[in-house]
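Presented sequentially are two complexes of chain A, the first with chain B as partner and the second with chain C.
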Partner chain A sequence: MTYQSDLAPTLLEVRGLRTEFDTRAGTVTAVDGVSFTIEKGERVAIVGESGSGKSAMAMSLLRLLAHPGRVAGGQVLLDGRDLASLSERALNAIRGREVGTVFQDPMSSLDPVMKVSRQMVEPIMRNLGLSREAARAEAIRWLDKVGIPDPEGRIDAYPFEMSGGMRQRVMIAMALSCRPRLVIADEPTTALDVTIQAQIVEMLKDLTAEAGAAMMFITHDLGLVARFAHKVAVMYAGRIVEFGPVDAIFAAPQHPYTQSLLRTIPSVDATKDTRLPQIPGIPPDMRHKPEGCAFRARCAVATARCALEAPELTARAGDLAAACWVEGGLRAAPQALEPRRRVAAPLDDTRVTVEINNLVKHFEGRGFLARNRRAVRAVNGVSLRVRKGETLGIVGESGCGKSTVARLLLGLDQPTSGEIFIDGLAQMVFQDPFSSFNPKMTIARIIEEPLAVQNWGDRASRAARIEQLITQVGLEPAHLVRYPSQLSGGQRQRVAIARALALNPSVVVADEPTSALDVSVRAQIINLLADLKADLGISFVFISHDLLTVRYISDRIAVMYLGEVVEYGPAEDVFDRPMHPYTRALIDAVPIPDPRLEAARTNAPLRGDLPSPLDLPVGCAFASRCPMATAMCRTDKPRLKKYRQSQEAACHYAK
Partner chain B sequence: MIDYAIKKSAQLFITVFGVVTLVFFTLRLIPGDAASAMAGDTISGEALDLMREQMGLNEPLMSQYFGYLRDLVMLDLGQTITTRLPIAEMIGNAIPVTLSIALLTILLTVVISIPLGTVAAYMAHKGRTRLDNLLTGFAMLVDLMPSFWTALVFLLLFSLTLGWFPASGMVTLDDPAMFLSRIALPVLVLSVTQIATMARITRTSVLEILSEDYVRTARAMGWSEFRVLFRHALKNAALPIATVIGLSFGNLLNGTVIVEFIFTIPGIGNLLINGINSRDYQLVQTLIVFYALLFVSINFITDLVYRALDPRVSF
Partner chain C sequence: MANETVDTAARRPRPPALALPTEGLWANRKVQVALMILVPILALTALAPLLPLQAPLETNLRAIMQPPSIDHPFGTDRMGRDVLARTLAGVKVSLLVGFSVATIALIAGMILGTLAGFFGGLIDRVVMTVVDIFLAFPSLLLAIGLVAIVGTGLIPVIAAIAMADVPRFIRLQRSQVLSLRSRPFIDAARTVRASKGWMMTRHIIPNTVAPMLVAGSIASANAILVEASLSFLGLGIMPPAPSLGNIIRDGQTYLQEAWWISTLPGVVILLIAFALHFLSDGAREELDPRARK
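Moving on, here comes the complex of A and B:
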């Protein structure tokens, strides 16, 4: 890859950038002396967890921080001009023109009451000095480039008339249309489905390369980094702890935080008896920042010096720079292996905990006129079994009906038709535990709630049960007197799991239980769920769009598309030898956190969006996006059939 | 659209019918009637009975009710019971006066409170809260002052002491200067309350929208603060603001009754008070139905405006 072309290759140089937030509790330093450079045409990934200061840093470059945030020091040199000292007016000439920005949430980042044309055309007119007609033509050209079908027609649409993926394309077209030399993309694909994410990432990569623009890409997804970046900056607690070329970072990371982060991701070939290595503890509270190195409390090789002085970035092997006192990071200490997990005996096929037959759920529209009453067909004839002690993973894009299946399983919704048998009790763990807890209840009362509702035991036996549950999920009885707001995200998810376990359920349904958590905490929860399954012998239904995690935790996987199961079978088989083209596309879309593997993959991302569940196609639901669809697929609906030992698929061309 | 129109007109019809019925019967629950109010203590029982007979008050209640409904459907508003004046004409003369007061008040409110609230929101967003605190203090103070009290104070101060505005004089559109100077104080009294409320609501709505992601997008595209504030933030904040303007119309109608009485302005409000004092069922019930129609139509218009402003709401 060649991207240096100029004699003076440096485009952006950030020196000692400090960003502070003045809060009632005092001044919080969100960005604490960050320095790095981006060369012309280079793609730099900024990786970090929530609270690491990565977004605050990016927003500080153009002073887009909202009150009470402010840039407190440092320089932001764009071609030698210091943006940090420019007036607001002078900076407005840079924003949009020299530096384009793509934000995280496409649903909220476009003005809802303005047509796309207005939002796009006026900046082009102003920045490129074009007439309204020429600017409109330019906007249409960009919409076409980012893959909006019928750009002449769609340019006069309102944002709400587009899907999330389409809106993010519009955002990108907007950011690129004024031909900036640097694009700042703040988690541009986090809110999107994995297949759409793959499309967007490919497109961003191609278009910036074509325009010769450099890019700063902020993310928490290490897989994306491997697919995308030339260089990586890893941030922790407001500082860059490691910086360097992507290959070196993945092959031989130097900082203990980078090293542990890379180990916590389930690999493509992880076996179920190996526990995921996890980083103990939680990221520091930036309001009370520790003295010395901020990572030392979670670091296995911390020394006395780490508590006294914060290390600066210093050069290491392989063009890397790391901020650590310990040469080699975790490699300096003998690696403590996680104990192996006891794996349950071979699956007992005879005892079925959950059986779903031909489940259908349609949500009726409302209105006097017939055309307003079309039903949203969320679930269209799903049949599944979960055996005792088995984990069933359900994967699919948003809108595929996986969460509706979960709600039906728990009886939160009534099915339109079909049957559900559960041998015992089903309980739920939600994605966002904070919003599913009453903030005025102590943890003890939250866990006690299901017991109280069922009049379980007396006061003393309940107290004993609560104590047993809280230790079972890896917390201390001391946590019981606290309130949800006093716990971290990972701790709250542990409480949610304890509550789900309170009544000894036979099956626990977990809907995206780790997606609201930080990367370094995610492995803790995945390990906990896998341990509980092995120890208690209960069944799990694990719903997620994170395929690597689903593969790691599940015994069997059901792949859903538009309310139907299109493939079902043992986790490893479905993942390693997918039969349905949709499954294959999903797996191909998942970024692998290894730049060499990523470079070797030759995948064309899946085209298009999901069809609307209001007008389902007659034939195969996937035919509109399938690379191998034929005339038969558009007229005949394939049924789920067994092709291999215990692996089923709904495709005319499955073998 | 068709769905919406059908649903909405059905609702309108039911609301107005309910008001008509409720007003008809509650008025007749009040002790005393038009005849006794007119006669006072001076007339014998027989003469009073004769008056009742002439006024149609001796007919059975239900036949009075159905007669009234029939007249309404035929758009025959009839005459006042006591003075035998045509009600349609009386209302026709009073409407321009009251509507002028109401519309001028809204105009003044919008012109002052929206920029004021927007600027306060902008300053608060930047962490400068002085104007914001002033605005909140002003709004709290105004909330504590009932409009009849403000009206009396204004009358005393600006009319009687300073002599800036006439306290009496013909109120007719034939003499626009006099007309304006007579309704100026009522408009001011009503505006004070409205401005305080509207400015606060504008401030809250704009402040909320200033922290939306799309405002940050507009900034990132290099638009000036002024354009971000008035193009993006205010355009989105216009949705809740329009709703509140529509709803405040009800309060405003309330207020016109009080100020018209205090400043002796011959509007709908004064008509209503006179009608109630003389127990003129026919006049009062017709006026209340008129108010109901006005109120329901304003709500309907607000709804349409909201839908026109927000492309996401479809019919």
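Moving on, here comes the complex of A and C:
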């Protein structure tokens, strides 16, 4: 038997979708007339920054929007049936059965008081019409497929008994187990580490291909898109500004936004002597959306027409469609060469700003019974030096102890043993500037606080210093009277940097300073940090899991794994010729924003999860996941040794 | 979401210092209703001496138990006293008790709760043990006990009710401080070597004031009811000095013949308590947008 719908290639067709949020400040149009199609078995990536409406759009397809949001218009045709006009009851039959969903945070989308088995078995019974036993066997089969070890045992676990990566696998198994024809995945790997992210993406790709399901993948990570998608839709301010096949989008993007976005990402082999191209300004406030093209304020080729009419998607070369009045986008204008990055004063190798010797930090467990009182061994003997004017990048997955090292450096925690010497003062730039500011203080008082605490100068000289600092980080003195909630993410991070510089520190520790920011403003902050380093000659400790950024900004890199430094050396050397298998795996896992390079890579994702820092292995900490591990690695702990001129690694098999 | 990235020029500057969202407060429907009740009552109470009424204590044996009329809008009682005049005098006592109790509880709760929450350890254990003991008694019972020990009158009543309320405020303040203490901006203050006193006065307390004020307005409503109950039981304000509680007690005996003596002051208490609850509800909605449905 063949249905008409089985012959048609189109699975999902979205026409003129509009989603509105009724807020106190008025109606916000989060999705403003979005149209696209997904064919059977096709993987479409929806790319955009926060506030671009990508998640609101995905939620609108199945009417899963939270309260003030509502679908205000348009059609969502799944095999010709309009989901937008279906009753809630009819739609419920489609959710899960025909369209599966995977969300960003698996902890909050799994019921914490229900065993995995209950959450999986009942939908399978209902949707596939199986008996309880058959459904349970099916659930176990899927858990096995998504790589959960011991699926027969783990199916009766509670979500909190699993790691983040495991939970996300369970979510995927749940989404796929009812054999949906479309899977909507909203930032499914954003909360995960790169090595786990690589595993999950690979698995999603294989499993959807195997099941013949189409997939809509929402992300802000262009590297993942290159690895994963057939087609890409780029969203900006509630509209799709560019749509087309992944190769064409990366090779010859047509919309100025896509073009600039691709240029702002530091590349794997880029020289570090030019500044990162940056997109000026910040994304528009969706509550006061500008007339005409929403991108025009940040666009180098905007014309008078852009201010009057919003462009529709029109066909371009390479099967692309772009919504721009200027044919060719930024290529229409002569391309200005990026200015050279300001070069830091030659490093004075003899002066060391920070010296850490054999640093150890164990957090005592709070267990009531003695047997529960095991220490979390967060940092296990780290020795590092930061020279004057040097930037040290620390990379590693969550739980590797990189943030604990930062807290110890700042004196926020006391080390269990070991020594820290700092020549001068250390200051910190936190990951999320919003939560690191007191919401009841003005920007002026936030920047003034370090000066006021130290009784630095009098009122007038402090005011002058604050003004100097705020202009130094590229903001206006007019910003000083505002509150943190009135600034954008990028502006807040500039304020955080100004505050960190107030007391003329000798070293600034930046813990993931760009990870809470939108892609288009990240480059601005990275350029600012690079400029400050050159101008002020201060040292930086730059902690991040974003390897491309660390490579761009750092002079030296330390790679951490389970509280130890496993590799250390000049940034380019560590990247181009990694010696430790973990460093290599980490670099291999980083998605490269170029589909041709991605296709050429042999990504054998690192297997397994991090061992628990509660009971660390006796031998090499990495042995449980290492492809080269031998019996010796499991019993003998390798020490950090110098191999090449300046590179050090802790591996028995490093050459 | 979009509200993170804001076109800053278009936003109005927020009021400084405690940054209570006052504009939203005035626009809140519940707050408006509360004020529509409270403002006339307050005005009448303040203007009572100027109104053409008998003095609250003045008796007129030729006009006892008169029903409400133009001369005596709330009627007269068994000694020919004007019930409206006595009610307004009673409201003055009630509001005084409500305001004093809330202020004492707020200040004491703020200080002890902040110290207990911020320092933890021994001070926390001592304070919280005492708090838990106090919280084990119903507040009216506790107030009755305290009045029995200290004696009757305005000051003892205020002290007794405040004693029963302070532990609740310590609890609230401590829980707020505990959650603020682990916020990154406290770490940020520590990285610039801010002292503990600095962190408490600049970072912790300003962020706790708004919820404490909300709790304060509920506490004042509660205090007014407890004072009325005490006076009704003959343990609060002693007659002939008027208090809403003892006026109602006076009239209770004559409920059949002269319903107005008890009923009308009772309605006034009801209105005040209702308005104060509405005020705190509305304020809470403005301070915590999630409370709004």
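Annotations
The working rule: the second predicted complex is superposed on the first by the 644 of 655 C-alpha atoms of A that agree within 3 Å, B and C clash if a C-alpha of one lies under 4 Å from a C-alpha of the other, contacts with A are read in each partner's own complex, and residues count from 1 in each chain.
Here, a residue touches a chain if its C-beta (ideal position, glycine included) is under 8 Å from a C-beta of that chain, and two chains touch if they have at least 3 such contacts.
In this text the structure is predicted, and so the values were computed from the model without any measurement.
In the superposition on chain A, contact of A:Leu412 is made with chain C only, not with chain B. Of the two partners chain B and chain C, more chain A residues are in touch with C.
Touch criterion met: A:Tyr158 reaches chain B, while chain C stays clear of it. Within the superposed three-chain model, A:Gly69 lies out of touch with both chain B and chain C [touch as defined at top]. Of the two partner chains placed by superposition, only chain B is touched by A:Pro112; chain C is not.
Contacts of A:Pro266 after superposition: neither chain B nor chain C is touched.
In the superposition on chain A, A:Gly401 makes contact with neither chain B nor chain C.
In the superposition on chain A, A:Ala93 makes contact with chain B only, while chain C stays out of contact range.
Of the two partner chains, chain B is the only one touched by A:Thr101; chain C is not. In the superposition on chain A, none of the residues of chain A is touched both by chain B in one structure and by chain C in the other.
Contact residues on chain C toward chain A in their complex (touch as defined above): 1-8, 10-11, 13-14, 16-19, 183-185, 187-195, 198, 202-203, 206-207. Residues of chain A touching chain C in their complex: 28, 30, 50-51, 282-288, 407, 410-412, 426-428, 430, 432, 435-442, 449-450, 453-454, 479, 481-483, 485-489, 491, 499, 503, 518. Note for the complex: chain B touches chain A at residues 2-3, 6-7, 125-127, 211-214, 216-225, 232, 235-236, 239, 309-312. In the complex of the two chains, the chain A residues touching chain B come out as 62, 64, 66-68, 88-89, 92-97, 100-101, 103, 105, 108-114, 123, 126-127, 158, 160, 171, 174, 367-369, 372.
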